[in-house]
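This report concerns only the one structure given below.
Chains here go by letter, A, B and C, matching the order in which they are written, and residues are numbered from 1 within each.
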């Protein structure tokens, strides 16, 4: 085998971060090569460097043996590099054909749309990627949009295809279809670089795998030689404790009672369908599911951010279905939202102001509409000491803090409100291993103090290691609720894909 | 209502639409590539003033026209540079351009021509009648003794539509205004396309200004655009950011103005009719009269190296 | 201290750059820049009467600038202060010449309250609700409402019920007992400036020491976090535009009672637009608004003196104003120029390009 694409000692710094720090990689002709690494390991940065979106500080990229410098994606495309980004680079208002040919349109001055559509049709037949060329992209499903992205690269005569976390947004069926597309491309002689942080997928599709950790490439090995445990160790750099140490739960009274809940998203699409479950004091209730199956809408509705279309919500025995966000907050619901920077914090406010973000209306922070800064400051100082937020300066703006410390601020704020129920959505997303451990310990401590906790996560391992009971959501329906201690990945995986009958044994469905 | 059958009313509707349609289409070009442009008023003033100044200095209205367009283009290039390269707030920049241009043209008018205004012997652009069309009854008035720029505008309307929706560069410009990152990763030069959109927009706006000063008249007066740049903005939005829509909206607004003048002696206030463009635009934006939606990336600066 | 300096840097550098460019323009057409600016300064601050005049012009600018600063703080751009100001004057004028039986002080308060209400409604109702519930961009709606308001006022005094019989289109005057008392005799400076300064203090207190201000600022900085925090974003969107309009309305009311005493064509002096510039230069700081307002008022009064003394057209000050906003908006212009300079010097020193081979 000959090397097609080579990356040698690539380094890229951002202010305060070594995003890539000595990256080495060789991609052979006709192989599917996976890059495996945790969130934040530097995979996306590497892809952007290869694609000319970033320029390396030092190091070299070689294509078919020759060193190349890509000043922009234009250069990379011209050299034959095709890329499917994690967030699709599509223009929803334009058609499939418009999107695919953009930048290399048929025609002279005029744009020959009919010819573009014809070319796209031919291409999609050749590579077995069926899609209607004249449809508007905004009307397509996520899986189809991804096909458009792949076609875009192939239209540009890509000699290599880079797929950046391609399965994150797909259903299992779509993932399977994608894999067969990848195998077909490989058989056509197009090498594929497959970026992922999902072990099982890498094992299913790759010929070789390169593991990245903290901006460095750790090792490259043929997939047949690697055990899952070995790969996992390489990813995190030490033995992974798959289960967090925890005592048996001691559930008390029912805190939250969700009955037949129905919720629509902001575009009025039905996202949660007749979901029912209960959470008791002193237990962690985990919600597992593939991204986009209604988890966000469910918790937003519980927190009061989305209106409830049907069903009932009882909190401590009281009907809260029609209460506002502020009233629910006051009643004792705390919420760690999915996106800490977009929802959880005001980045250009000080830590003091952020500390009282959800409590500014109550004593001692205000009275009769007048704010008092001193008690707020004292309170904020207590929070950052308690949760060890760095830097320890309440006058700093939230935007100055690292992601882990921002998350600590939110958690500190929500926990210190002495809530009866804590909703935590993806509380460890994008954090390093140490920070994750800290957050997990906090959640367990709260459980042991008798709080009810609703945990939503896309990471099955997180759900499995923390939850006392696990509800699985699929297409907006709660397809099963299983006890945490006996649940297995396989069982949850089946439920997440919507298999509800006999195949998933020991599952109590509703 | 025999006033509506008066051919003169319709002819003046078309004439009134020109200084709205040109900047409205200009704004369309700019905003379609993703740069919010409220600077049409100021750029029109630049075109109007330098059109007259160079027409007087060179003795040729055509040279005046050209120079007016160049100056409008230059000012919009500065706007584009600050909006695109420096990622400055585009609304604030637009205001700056408007105030600057109003001040500069007033200042230059006074310093160059004194306080008496531009000289009366300044050459004007010719008027034209289209031979066959002008003899058609009723419709003929559209094509009789109209400024040459009226016909130019009609050509520009059609050309702009073709350019934006049926050429390769038009597709590229629109994609940059919808999702610049996608366009960038498809290998397009986002900044260059945006520069093109803003500068084409500036030249068209300046042409609208030249129409006022050299097309209808042969003189420049302080603030002679009199808010037309803002009505053009309304026309662009009401026309849903398309050249044909902008032209149709300009015709509607031009009709309101022409009707206001025609009804002046019939006890109907031109001031009240003048509110029409503004009120319709608010309704359109609020989605009550057909939903007007701006290009998705309109007003958001793009930074290729993050 | 350091962050105060940094906050001041942009407005100060922007103003200095504009003044230098203005000086170059003046010199280029044969005037002595020092003489020109000397005339400008003495026209603005040369004697008590000039200072009074400058502060009189600063009064509506402070109020309008303050209102726009509030809207900016809430993440909204109220570009239609001009129209809010006009319709407020219209309403206050009507109240002024209708309820003549009231005692003077009560009549004054009534006029001001009506002006504030009308200004607030003009900004809050249509643009506010359209933004809050339909997502219509407030830059466009406030601008469109502004022109609608101006046309409404013109209608009232040209062909409408408020026109006083006669050749000049203007309204009936308001009675003399509603005129605001002057502070410096024979000048236009009235207790209006006191009202403006009190408004500054009130706005500062509201923004930084009340829950209302906190919520406005959260909505302005991060509307999603505001929802999460239980703040009713639509309500505060309407409130922010409304309060902004209230202050524009107060400006109109004060201007009517202090100086104009009637609604007339010449009433339009572009305060609504200059007010935006004031807020921008002040970086939305309530106290900064006072400084910025006095600065632009001085450009205006000084400009007139400059024209009389040196014969250079007063519109030069508009050029300066345009340049100042341009530089404030394009604040990255300075780092950009420094970068160019560095690249230019490094290229000059190495003389040979160190760039690697171009890609194939």
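The rule we apply is simple: a contact is a pair of C-beta atoms (placed from the backbone, for glycine too) under 8 Å apart; a residue touches a chain by one contact, two chains touch by 3 or more.
Bear in mind the structure is a predicted one, so any value in this text is a computation, not a measurement.
Asker: I want to compare two interfaces, A-B and B-C. Which one has more contacting C-beta pairs?
Answerer: Top pair by contacting C-beta pairs is B-C.
Asker: Going by C-alpha centroids, which chain is farthest from chain C? Tell me that one.
Answerer: A
Asker: So, what's the distance in Å between the C-alpha centres of chain C and chain A?
Answerer: One centre to the other, that is 45 Å.
Asker: When the C-alpha atoms of chain A and chain B are each averaged to a single point, how far apart are the two points in Å?
Answerer: Chain centroid spacing, chain A to chain B, equals 46 Å.
Asker: Using mean CA coordinates as chain centres, what's the gap between chain B and chain C in Å?
Answerer: Computed from C-alpha means, the inter-chain centre distance equals 27 Å.
Asker: By the touch rule stated above, which residues of chain A touch at least two different other chains?
Answerer: 78
Asker: Sort out for me which residues of chain C touch chain A in the complex.
Answerer: Touch list, chain C to chain A: 208-215, 217-218, 221-222, 224-225, 227-232, 356-360.
Asker: Of all residues in chain B, which touch chain A in the complex?
Answerer: Within the complex, chain B touches chain A at residues 166-172, 174-175, 178-179, 181-189, 295-296, 304-305.
Asker: Going by the contact rule at the top, pick out the chain C residues touching chain B in the complex.
Answerer: These residues of chain C touch chain B: 29, 77, 79, 126-127, 130, 134, 136-137, 139-141, 143-145, 147-148, 151-152, 154-155, 158-160, 273, 276-277, 280, 312-313, 315-326, 328-333, 336.
Asker: Tell me, which parts of chain A touch chain B in their complex?
Answerer: 51, 53-55, 72-74, 77-78, 83, 85, 88-94, 98-99, 102-105, 107-111, 152, 156
Asker: Which stretch or stretches of chain B touch chain C in the complex?
Answerer: 38, 82, 85-89, 91-93, 95-104, 106-107, 110-111, 222, 227, 230-231, 233-234, 237, 269, 271-272, 274-275, 278-279, 281-282, 285-287, 294
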